[in-house]
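There are two complexes below, and they share chain A, which is joined by chain B in the first and by chain C in the second.
Moving on, here comes the complex of A and B:
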């Protein structure tokens, strides 16, 4: 059953009908739901909501902008890949270090390789911050 | 003293083919670089664009801003045109080359075997800074390269950075340097060497996190001399030591460190030829070209544009 909230779209397919064609752009799963209350989605990709808090995302963006010396007009979304902004591995490592300092966390070296977008950084930060809080509690 | 290569300035029209080159011999690296600031012609950039696959084109155009797009374009054009030069069986169209990534993400050429003949074991690796794009090529030997601007600004404190990412020995080495400018330079050199090693391994960073290996640079001597017709530089001995696995696997890697056009450090890491006995010191033979594909190739090894500053290098 799909639900639409103000800020995000959560997708939980419960019914899978193999003989039913996928709705419009949902290529992976076929579901059935009443057309009456479900809005039509024209986008070819639907975005999973970012699990991290907006403030975290904003701080990450600020650090990335500073490291890569991005012009204010450069668009930076949670999904933007650092490499697409011209970041090389030294930039990425510096970004991770900046994030560690800002959020007072420690990122494992293999995890740091998985940080390629703002979203990935923000999600990992929240996870680590929460782990730290639980450990300290 | 006879230089092994000569200046090849071929001012060809934009539609002419690339000057072909012989495959590198064992323990030889071919190093090609392009300086984006020297490539201004719009028609030439369009010609490069025409070499790219649809996905590559998409990637180039998705970069924000003209400079980044140009850099991405030149990187792909350099790789395609460079590999196409090593024509093994007739003319190779740079457009026709197909690339894939190995399971760890390292780019490789997919050689299309039409009649089953043995494919050349050509290895390549690219690297770029904002003002240089480079491609290293070897035969039958894994290679990794890294280029960095000497003056590249490090946002974090260098020692804090080193403590976070480098090995103990390297931290000690950097900490012992009192002059901040020299410390910065040595940091960049270390970074390029470490980066080149990881890229040569081709297993991704998680296979060799920077903290788990040390680059040793023994600089008790610095000399250059002529051996037969070659120019031999023995600037220092560079070795890598794996802290997890101190066995001699790491002695199968050879390094070269260069200063390029006065503005960049370039590190090359290549696998020693299997025929070389463990412990034998064999120089890396280097031939370097500054290129504007389809326009001009200039062999620069032996000039001031390429100065060996580390490792055992034969020009």
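Moving on, here comes the complex of A and C:
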């Protein structure tokens, strides 16, 4: 009983820092898992929850807007598909190349096939930037 | 060294439109990745930006987007590859590149 309550307390600062909207689901999951798993959990959860930083998403949106010449009123959420915005497959590849240049990363062939929304692009960028930082450091 | 390898490749024989489409994207990616080198070779830093060149390449590809015969696409890709190798191995001159890809698009 005491250990469970301690684990709950430990997670509150984490959740506050990450400012995630879906906090309820995380709490439910964490209580059932044993204490020894927590350090790795923290690392993986951070990666999943902070997978798309707001600035990254914003930059991606700007690039998409410029590439597809969208008017400022067009709604551009992380979930919008590129095809909805009137981009064909070549435009999608061009957007990915633009992101490559902007963030100084190198996207693999297979990963770029699956990018259909802004959120996926931002997540992939985050992952690659992280990998690059780890490799460089 | 990498450019010589590029031009010597056997002309592709795409089995389907999908394979041809994949080859087009590979070509586009190769071209985009060699843009910084091209800008370096011909000193185009003050004339164009990387994104302008990228959209020029994309529009050239787009011009032929209505083609459905995969063999025709293969030939166009071969010619595109040839052009790219010519440019990257400095077989062209600055005014060629500027006249063809920067001005008058």
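As a convention for this text, the second predicted complex is superposed on the first by the 87 of 137 C-alpha atoms of A that agree within 3 Å, B and C clash if a C-alpha of one lies under 4 Å from a C-alpha of the other, contacts with A are read in each partner's own complex, and residues count from 1 in each chain.
Keep in mind that, in the parts below, a residue touches a chain if its C-beta (ideal position, glycine included) is under 8 Å from a C-beta of that chain, and two chains touch if they have at least 3 such contacts.
Everything quoted here is computed from the prediction, not taken from an experiment.
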### Query
Looking at the overlay, what does A:109 touch: chain B (first), chain C (second), both, or neither?
both
### Task
Determine, under the contact definition given at the top, whether A:55 touches first (chain B), second (chain C), both, or neither.
neither
### Query
In the superposed arrangement, which partner chain does A:84 touch: chain B (first), chain C (second), both, or neither?
first
### Summary
chain A contact check, chain B vs chain C, more residues touched by chain B
### Message
A:93 in the overlay: touching chain B, chain C, both, or neither? Say first, second, both or neither.
### Response
both
#### Entry: Touching both chain B and chain C, residues of chain A
88-90, 93-94, 97-98, 100, 109
## Note on the structure
As the complex stands, chain B meets chain A at residues 62-65, 68, 71, 128-130, 148, 152, 154-156, 160-161, 164-165, 191, 195, 204-206, 209-211
### Query
Which positions of chain A touch chain B when the two form their complex?
66-67, 71, 74-75, 84-86, 88-90, 93-94, 97-98, 100, 109-110, 113
### Task
Spell out the part of chain A that touches chain C in their complex, as residue ranges.
88-91, 93-94, 97-98, 100-101, 109
#### Entry: Parts of chain C lying in touch with chain A, wherever the complex brings them together
21, 24-26, 28-29, 32, 50-51, 54-55, 58, 61-62, 65
